[in-house]
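Letters are used for the chains, namely A, B, C and D, taken in the order the chains are written, and counting of residues starts over at 1 for each.
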Amino acid sequence: MKKIGILTSGGDCQGLNAAIRGVAKALYEEFGSDVEIYGIRDGYRGLIEGDFHRMHPEDFSGILTLGGTILGTSRQPFKLMKSAAEGSETTKLEKMKDTYSKMGLDCLVVLGGNGTHKTANLLSEEGLNVVSLPKTIDNDLWGTDMTFGFQSAVDIATHVLDCIHTTATSHGRVFIVEIMGHKVGWLTLHAGIAGGADVILIPEIPYDITKIVQTLEQRNQAGKGFSILAVAEGAISKAESKMSKKEFKAARAAMAEPSISYRLAKEIGELTGQEIRVTVPGHFQRGGSPCAYDRVLSTRFGAAAARLIQEKKYGNMVALQNNRIVAVPLSEVAGKLKAVPTDCDTIQSARDIGVSFGD
Amino acid sequence: MKKIGILTSGGDCQGLNAAIRGVAKALYEEFGSDVEIYGIRDGYRGLIEGDFHRMHPEDFSGILTLGGTILGTSRQPFKLMKSAAEGSETTKLEKMKDTYSKMGLDCLVVLGGNGTHKTANLLSEEGLNVVSLPKTIDNDLWGTDMTFGFQSAVDIATHVLDCIHTTATSHGRVFIVEIMGHKVGWLTLHAGIAGGADVILIPEIPYDITKIVQTLEQRNQAGKGFSILAVAEGAISKAESKMSKKEFKAARAAMAEPSISYRLAKEIGELTGQEIRVTVPGHFQRGGSPCAYDRVLSTRFGAAAARLIQEKKYGNMVALQNNRIVAVPLSEVAGKLKAVPTDCDTIQSARDIGVSFGD
Amino acid sequence: MKKIGILTSGGDCQGLNAAIRGVAKALYEEFGSDVEIYGIRDGYRGLIEGDFHRMHPEDFSGILTLGGTILGTSRQPFKLMKSAAEGSETTKLEKMKDTYSKMGLDCLVVLGGNGTHKTANLLSEEGLNVVSLPKTIDNDLWGTDMTFGFQSAVDIATHVLDCIHTTATSHGRVFIVEIMGHKVGWLTLHAGIAGGADVILIPEIPYDITKIVQTLEQRNQAGKGFSILAVAEGAISKAESKMSKKEFKAARAAMAEPSISYRLAKEIGELTGQEIRVTVPGHFQRGGSPCAYDRVLSTRFGAAAARLIQEKKYGNMVALQNNRIVAVPLSEVAGKLKAVPTDCDTIQSARDIGVSFGD
Amino acid sequence: MKKIGILTSGGDCQGLNAAIRGVAKALYEEFGSDVEIYGIRDGYRGLIEGDFHRMHPEDFSGILTLGGTILGTSRQPFKLMKSAAEGSETTKLEKMKDTYSKMGLDCLVVLGGNGTHKTANLLSEEGLNVVSLPKTIDNDLWGTDMTFGFQSAVDIATHVLDCIHTTATSHGRVFIVEIMGHKVGWLTLHAGIAGGADVILIPEIPYDITKIVQTLEQRNQAGKGFSILAVAEGAISKAESKMSKKEFKAARAAMAEPSISYRLAKEIGELTGQEIRVTVPGHFQRGGSPCAYDRVLSTRFGAAAARLIQEKKYGNMVALQNNRIVAVPLSEVAGKLKAVPTDCDTIQSARDIGVSFGD
């Protein structure tokens, strides 16, 4: 009898249920009644606290299109529960190992992003059998060309930009759409191009406010009274990019506006005399039914994870590399970030058609 | 030869182009080559400044599905341009009459919301032939059961709520979605019900923060760890509802948060100890292609406006009353607001299924 | 203790689950633990065979957005099961009464269309307490201005027309889109207008093929190389409209093509020398998540049904009349059909902007 | 002065306008007023007949989201116009060369699929400077991992499957959804997985009707009363796969049903006693606004084509290989077909989760 535990951890995204379904269906097809699948509630919290339940084939039926995660999720345990009262990091690690061993698991399947994979690697180093799947709307996981959730979030952010476009042109206004992504700009880059943004600001390319204003003025002179800026949550100015981490944190803490978009709106407004509108779709970008692309990717990742379990190739994350599904050691993934290469073809193409990156 | 001018004024919304197309196609069908249609740029600004252009049948082709307005729009002239330098109200009125008379118009077709209709009525009182169409995502125009734009905005706000739902349930979080509507709650009410919101706050029903918190706690006790609040931009507390207009303005001016949703998030957060997330879809709600409902309504309104012109029934707004298209005198429309009746069946039904209005 | 049974019958449509949820939530809010709700499987089949199950509040959670019906559905029992072996009509009626009485129901809530309401009325006449809700994408139920499902189906059919539009214009082709509706043309009329169809054929207005060809030729001469026909499944020619019912059935039985659209394509093709493409979205039109409009309507209908139960006003269908929710006696609804009035404003408006109805 | 001609040929698809915009914007950015762009009407027809027009920057504005092609398109010239009266193949080739040379083009940019690329290669061999972009919803162009249009079509077909799902489950019915693709199964495979189809039939894997029926019966026995088959237009039975081309053509010509789906419905119906419903979304699948993925891809391809022109690297198709944009010689592309490898991971994953390919 194979006993498999599954958990989803970190911010939710589209495709989690599709991936869970993929893992489960492939396991049931492979092992039939020789496998038991256990759902662990709310990510690592459930592993720490022993909160899990036996699941059955019907639990995985009809969830392909469902947003969110049927298993619940929570933030990283080491970040959220630091107090001695709740248990130190070591204690929590011990508790997770305890639960794993009490459950008698053959493998723990983990679906998550960067934080999740750090913990997954730690568990693997501690001797647990772990197989993981790369989920995040940020597409910033090292080792895979693509994460599920990303393309669905691009669709939503693009839809927002499309709608803003019609109102921007009708009024001749300047709009900022703030797109998710604190550390990397994949989502903003792709949605920005797909949504026809005139300016795209991403963390990887610090901006110069005067360059942005210049672009807006050139558009005005060309008779285009409106402009749309796709701005990543993590966009930074050139000045900020030269600060130490400490200085930067202090600067942002002192910032009066709730986010970079509002600050940009104020600055551009002062420099151009125009009123700049801000739209913050926020968590909307990570919700709802996964797009077809993500459903196929999630299903492939899920089936691949089941194959790794069948072959006992533990300690790996399933990944997409050059259109092929591969296994990447957790130790190679953990702690790394896949930022947008500033010389990539996608950025080059955007520049080629006249998009400004504010640099 | 009939000469007809068309302008769109105030905030844009879905269905403007569909309505423009309806007017134009019906005029061309009725009068053939005996009608000339002129597009007036950017609402009343174009009428004041004499900025217009002759249009042709092909200009109205393929715009049924197009968001925004091909004529451009601008805010109310009397509000935006008050300085003596730019021209006093009287002067601007004279300029509009001048342009109308220089153009030799038989009728001016005006598409707009409440502000627009005040001016339309003024122009009508000054002797101009005016026919108007009710557009606004707010559905707050007196005299019509429905305005175009409303249902499309409901669709978008509902989609946002749907997506927030999946992330809210996965994380067990409380979310506030801020929905457009400073003065009336139609949009928030309908999207709130359609999106399954647990709490709906609208300007017509002042809220009591303790009642809201109570609802959230009851949900927690019932094992529902998440809650979604659909909050109109114009939501007000019971305390605020008792203030004088002056006091209220002062209170809001002193408010640290950018909008009521952020203030609510802070207050609820403090009372419950939970972190409350805020999503502000903003102008996204008024952009993009009109939904099927709005396209049909816009087309009917457009054709009805052409009929009024053909019958020389000037000084009227086309309207929907009990599923029938009627003409309502501009004088009856101007200056009134259609708020949500707090005892209406829609609110009652929402209460019946357990939705809290925070009262 | 109140005992309430619910069933959905006839072709499924969007909004059934939203309505079921509305009924149930309102009953639980009103009666708390003093109500028991029973789901009857697959429409009247479940009532005949005694196939039902106790449901609980959590069963009605999260179904607002879900397409189809969680209760299952089946065609009318009197139509489908005529053989003596299966039971005559009388026997089945007795079986339904038996189940109702064995279940000890206070009221049976029925969601369905025209066929369903005939049976509902029969049951009511036999002394059962029945309350019904009008569902159908056809909007052909007598006594209500609107049924839920209709607007969602309009959205889908309009989307199909939108997409066909771009390919039709690119290729300069003539397309027929076959839209659901065997007896009435509401869906085709609304989707046709919303999707910018050039020709709309509905059962209420028999067509003349030469008139259709004339419209296509006029468009060609005006330089519009493409045309789109929105054709109801139940469209009929003028010649057919003069046939006796028997003659018509024979004529259609002898028809080589699988549906009227294919016949029209052939006929128009022969008369114009152009190749005509046919698209048949079929059951696609009745599936998927209900649109916001239908969710609000379903919720209102659901809450209204619960109010009727609370007030013991049995023998009624909840309905929308002039924007108000009313109760209409089942005896008035049963056996009637709400066809599109050929002189209604919507048809007039379509004609006004140049749409041909082939007459 | 650079003179560039652009044409779109073959069946239209989503992303054509986005790609045209990409080419044009990148050319204007690169060459400014030193480039003239000419639109050639309706594909090669316009090149043969000298039907072209000078275009300007504003012509390429606002078309990113637009379905279809602003240039019009037509089927392959060599296929459509074979009569001596119209001109033999050689004559038409000469006419195309004539137009090219009269226009004084530096390069002809061609957007199309397999047929289009054969002609493009021919023109290139005749000494014309040609650069091409791979468009098709079929994704069957050799030399590129992905064509634009494909992902948008997957989205639409998946949406159809999603909606059919809710009606299929409600009624316990078997549905066939016929998906575009006469020669290859990429679209059916991806939409089938994304839409949760139980059976996927593609041209690359001939089916055995008894295997399909077996799958349906197993599902019935497992209590799943409904099943969904995603069937490519070009699906063939095992018996048919062993026929000579001539025999196959004769067999299909003798087929009573309008398409393979209807034949399958009849056959399965006879074998199972169940009524099988067929949905044929048809050209709907290639219309409407491109999805975000296709917009990004189209933009990248467009910018890459402009780079090839700038570098005078003629005779190439831009392509995506392992996430990188490359140039592939037309001679390598022409006449080849990229079928789905039957041992690819996507098919394997589908099998892993229990999808039947009818083999």
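General observations
Everything below uses one rule, namely that contacts are C-beta pairs under 8 Å (C-beta built on N, C-alpha and C of every residue); 3 or more make two chains touch, one makes a residue touch a chain.
The chain lineup, named per UniProt: A, B, C, D = ATP-dependent 6-phosphofructokinase.
Computed from a prediction, not measured in an experiment: that's the story for all the values here.
Shared contacts of subunit A and subunit B, meaning chains that touch the two of them, come down to nothing at all. When every chain is reduced to the mean of its CA atoms, the largest separation from subunit C belongs to A. Inter-chain centre distance (subunit A to subunit C, centres taken as mean C-alpha positions): 42 Å. Subunit A and subunit D have Cα centroids separated by 31 Å.
Residue numbers of subunit B whose C-beta contacts span two or more other chains: 162, 165, 169. Chain pairs that touch one another, listed by label: A-B, A-D, B-C, C-D.
Subunit C meets subunit D in the complex at residues 8, 11-12, 16, 42, 66-69, 72-74, 156, 159-160, 162-167, 169-172, 175, 258, 262, 277-288. Subunit C contributes residues 21-22, 25-26, 28-30, 62, 64-65, 145, 151, 154-155, 158, 162, 165, 169, 190-191, 193-196, 291-293, 295-296, 299-300, 302-304, 306-307, 322-325, 345-346, 348-350, 352-354 to its touches with subunit B in the complex.
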